[in-house]
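Next come two complexes built around chain A: one with chain B, the other with chain C.
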Partner chain A sequence: MTFWQTRLGSIALALVFCFSLDQFALHQNSFIQRLVVLAGLYVTLAVSLNLINGITGQFSIGHAAFYQVGAYTTGSLAGAFFNKAHLPGPAWLILMMFAGAIGASLAGLLVGLPSLRLKGDYLAIVTLGFGEIIRIVVQNQKALGGAYGLTIAPRFQAIWLVWLLAILCISVSRNLLKTAHGLPFLAVREDEVASSAMGVNVTSVKVTAFLIGSAFAGAAGALLAHFEGFISPAMFTMDVSFIIVTMVVLGGTGSITGAALSAVLLFYLPEKMRDLSDLHLSTIVAVGICLVIAVASIKRLMDHFHGEPRKRAGFMAGVVMGAVVLVPILGALLNNFDPLKTSVEGSKLRLVVFAVTLIVLMLLRPQGVFAHHEFSWAWVRKLFRGTVKAPEGVA
Partner chain B sequence: MSLLQLDKATIKFGGLIAVNEVTFQLNKGDLFGLIGPNGAGKTTCFNLITGVYRPTSGEILLNGSSICGNPPNQIARLGIARTFQNIRLFKALSVLENVVVGGFLRHKTGLGSALAFLPPAIEETKRLRADAMDLLRIVSLDHVADIRSADLSYGMQRRLEIARAMATQPQLLLLDEPAAGMNPQEKEELNGMVKKIRDEQGMTVLLIEHDMRFVMSLCERIVVLDHGEEIAQGPPSEIRNDPKVIAAYLGEAV
Partner chain C sequence: MELSTLPQQLINGILLGSIYALIALGYTMVYGVLKLINFAHGEVFMMGAYAALFASWALGYTPNNALTGSNPVNLIVMLLASMTFCGLLGVFIERFAYRPLRTQPRIASLITAIGISLFLQYGGQLFLPSSPAPNIDGKVNPFIGNLEVTLAKGAGTSAAAAADIQSKAAVAQKSYDDWKLSHKGADEFNLPADGQALLNVKHDTDRAVRDLKDRGDSGSLKLSVPRGQFIMLVTTVILMGMLTYLVMFTKQGRAMRAVSHDFDAAALMGVNVNGIVTFTFLVGSALAGAGAMMSATFLSGTKIDTFFGMLPGVKAFVAAVLGGIGNIPGAVLGGLLMGVAETLVVWLGYDNYRDAIAFVVLIIVLLVRPGGLLGSSKVEKV
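Right, the complex of A and B next:
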């Protein structure tokens, strides 16, 4: 197959995926539609932040600010120009995506420039502050609706475009890492002094990463604004930034597929838990106890047992199964105590479960689920084949 | 005209004069040694040449024009590459990728082409990887090209740093203690390798080294620093018998 055949094939595949998702969601209720859209936007946000945090190693925790800049840029443009433009919906949306991207990348340039001299914690503080400044400035602008928010006249349910953006973001990151041009970004993450000795302009690499990352967040913001039809500063608080950072860290800093998958999971999990029915307090306590035991034993296993990977996985599965068996027994025992007989509304537990999941994962796998690996078939095969034999002469 | 010329290069950190009016010149094709006891200012000299520090006074000339005040990445572009005393590899990257980073200055296609994964960028990546593989063969690391560079043994890491520096295709290669931590056999191999790099690649080499036997057998000319001052200069045979050098290393005769 020639290059262009492969290229057109993959583009067609992406389009087919996006449109079938669109068709699937159209037949669902509006809650599911919202979930599909927001999940797509979070994938874009997480993967674009991964470009800054994971690949280039700049710890930015103000990604919601770029999201917001994109949303407000297009929000005000829509208010001023939509009726005059006479464009069909999709064309207008794509135009707005570019507008949001440009607005946000200008903001990214603004944050990228001070990041030339700042590293690690200091950069984190600057980006955090920047995020809050943007939010509070918008909150106090009458022209932008202030704290009441801004209503956007044309609303579009372009689920396909949301996921197309997510796929575009993933492919851009992937392309960067597949070519020699991505290596300077990784090199800056690893060692700035050595990179500059290799002729890499560290400053321009960092600024480029901020530009690309914030452009995608801005485009996502534009789609959010047109999907919701309403934006307010309360939608872009620090929490949003932190959730995006959590997605990147949990997926494995630097891993594109890790960021994308954990974005879907971390977004879906708390929403799915709204459906939980009432639970007995005794069950919850039993789950808690079993969780602590399981985590402790798995951690011990991982620290002290360096056997065959398959055997190790077997032991872990054993521990998990043991915990699952233990939960109902322990729950029944605990139910004999009066204070534990009360029942708790299941949906109230969603944030607790969210937090516990994060703690457990960070305890067991601090490098993130995917670490720096990418999900690929070669990787799956390697996992099943066991350890790879090291060539001779390697310490 | 000499390739590199230090003309009374001086740097002061507060009251401390780390390098004081050091003057020497390298001609094209030289194998030049920079030696001296610990704290003599050798690595500081390298940092001055590569733009990490800017000299307080004096000049550093490359092919007759001053390079003072250029940032390190610009100096790499002008044709000076270096290795580091405390190895600074890109640890999470593979051995091959480390060397490909060194090819950054030879990128012809833009970032846009790479982001869109267009044929020019793909071709360039292939070419740079092939070039990197050739360099790995020179330092005989081609059999571990896909290993994470942090997993290499110490001697291999040092050799990889040399290959990475060579990937920028410099006119002048600065090696900061390339033989540190190597066993005698590895040192012997390194000796032949550096000579080969000079003879076959036509690079000029300036190296810092503590191992006297290694320096004396490899370098054609040597500069000796002590407390930031230049105390001797000349071919190894002269340096070996220079009373000042002996005094600096072993102390004065009583």
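Right, the complex of A and C next:
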């Protein structure tokens, strides 16, 4: 197949996927539609943050700020111009995506500039602080609705557009990684000084990464504003930034596949936990104790067991199984103590799960589930056939 | 914004800043030895406030049935409870969350720190009383009233006029009280006409007394500090003095400085590096505990919830960076400056932005002088 055939094929496939998802969601209730839309937005956010954090090696934990800038830019534009523009819905939405992207990338430029002087944890703090400043400033603007929020007149249920944006974001990242344009980004991640000695323009690479990443977040914000019909500063707090960082870190900093998959997973699981019934405190304590024991023993196995990998995996599976079996027994035992008998709303556990995921992951696999690996068809073939088929013409 | 209130605002800023300084010391010490920003430090502070709250409940100052009267021993018990708990919590976090990751890139520790702080914030909600947010009962504080210093006298009032108006007020009060005695069970918000007339007279004379006093005070310049907050400042200074002694004149302190100067070389010279790191976390977290207990007890109207430590933690971190992170006097200076900056923003009338000023200061400092005020920015060697 020629280059253009595969390209057109992937584009057609993406469009078919988006529209069939749209058709599927149209027949579901509004809660499921919301889930599908927000999952798509989080995929965009996580993959775009992965471009900054994973591929370029900066450490930004203020991604919600760009999301917010995009949402508010388009929110105020929609209030002022939608009725005068006389555009059909999708055209207006696409226009607004561009507007949100431009607004957010201006903000990204503002954050990207300090990143030239700062590294690691300092940059993290500055991005976090920047996000908070934007939120507080918006909160105090009467024109933007202040703390009460902003209502956006035209609402659109463009599920296909949300997922098209996610796929666009993924493909931009993927193409950046696979082509020569992405090499400077990877070089900056590995060693800034060495890459600048090799003639990489570190400044422009960092700023470009921030620009692209924040533009996608801004476009996502535009779609969020038009989907929800209402935005308020409370929707863009530090927690949102932390959740996006968790998605990137869980998937493996630098892995697009990892970011996208963990975004869907980490978005869906807490939503599922909303309808969790009340739990006894004793169960939670039991889970906590078993988790600590399991993590400690797995960590010990990883550090000190130098036998066969297969045997090691077996031991680990055994530890996990043992922990799972231990939970109900310990829970029943602990239930005899009075202070632990109180019940807790299961939905309160949502962010605790995030926190525990982060800690456990960092202790056991700091590089994330996928590390630097990406999904590829060769890998799938290997899974089924046991070997990688050598490309034609290679002996 | 009124210029005559400026000295008072500066004093308030210093009082607030002394708490930030105590927290900032923990950040700066940990950064000094491990080069790690302990994001969970604000949450250690929050747990310290809860420890103080539970200690006050154990001493009998529960919300339903608070003892009246107190003595300084109660405060010392609360302080020690909070410091001990926080110290142990800090050591625990270091041992189980940071030490296993010491060989990994620093970002891993940073993410773990974020994880721990989220865990304490949201996990705490499962176990700790947080809605409605409790507060430490004010009765536990035996130091009531204000310390006042008069910098400039006011216009003054004539004694005769004062005596006249006060006697009128006393008469009005008495006649209203008599009327109330004879009309038992009258609804105070819906009085019959005669009672209402007496109440109005009483209110008028009371207001006249206050007016006279205010007119006498106008133009005067008074500084007033609640006694409790003065004790807080004194305790902070004592703790800082103890810390300075510890770091500069003891064996442990010398080891701490050695580790912060060069981690590996200190280990080679026979310093028990792990022990020193544990000790640093113990001391730094205990200082945060002291700050938490004092701010929850002496700053009036403080409500404790699981997000209690978030903003003070961030501001104290900014204070540490402002003073030069890793530098102990710098943390104190930065803390005081942050406190003053915050009250000045409120004084200028931008009280909605009091939480944003910390980040603005941070970004300016990092761009203009990344090493901080007292720190030295080192050139990175390759």
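The definition used in the following text is that the second predicted complex is superposed on the first by the 327 of 395 C-alpha atoms of A that agree within 3 Å, B and C clash if a C-alpha of one lies under 4 Å from a C-alpha of the other, contacts with A are read in each partner's own complex, and residues count from 1 in each chain.
Following the convention adopted for this analysis, contacts are C-beta pairs under 8 Å (C-beta built on N, C-alpha and C of every residue); 3 or more make two chains touch, one makes a residue touch a chain.
Here the structure is a predicted model, which means the values were calculated and not measured.
When the shared chain is aligned, no partner comes close enough to touch A:Ala12: not chain B, not chain C. Legend: residue contacts after superposition of the two complexes on their common chain; A:Asn140 is shown touching chain C, with no touch to chain B.
When the shared chain is aligned, chain B comes close enough to touch A:Gly199, but chain C does not. In the superposed pair of complexes, A:Leu186 makes contact with chain B only, with no contact to chain C.
After overlaying the two complexes on the shared chain, residue contacts for A:Lys178 are found with chain B alone; chain C is out of touch. By the touch criterion stated above, A:Leu109 is placed in contact with neither chain B nor chain C.
Of the two partner chains placed by the overlay, neither chain B nor chain C lies in contact with A:Ala234.
In the superposition on chain A, A:Ala317 makes contact with neither chain B nor chain C. The interface of chain A with chain B overlaps its interface with chain C at residues 193.
Against chain A, the residues of chain C that register as touching in their complex are 36-37, 97, 100-101, 104-112, 114-116, 118-119, 121-123, 125-127, 314, 317, 321, 352-353, 355-356, 358-360, 362-363, 366-367, 370, 382. Those residues of chain A lying in contact with chain C across their complex are 59, 61, 114, 117-118, 120-122, 124-126, 129-130, 132-133, 136-137, 139-140, 193, 239, 242, 245, 249, 281, 284, 299, 344, 348-352, 354-359, 362-363, 366. Per the touch definition, chain B reaches chain A in the complex via residues 50, 52, 71-73, 76-77, 81-82, 84, 88-93, 97, 100-105, 107, 109, 111, 114-117, 119, 121-122, 124-125, 128-129, 143-144, 147, 151-154, 156, 164-165, 167-168.
Only residues 3, 7, 171-172, 175-176, 178-184, 186-187, 189-191, 193-202, 208, 212, 254, 372, 390-395 of chain A touch chain B when the two sit together in their complex.
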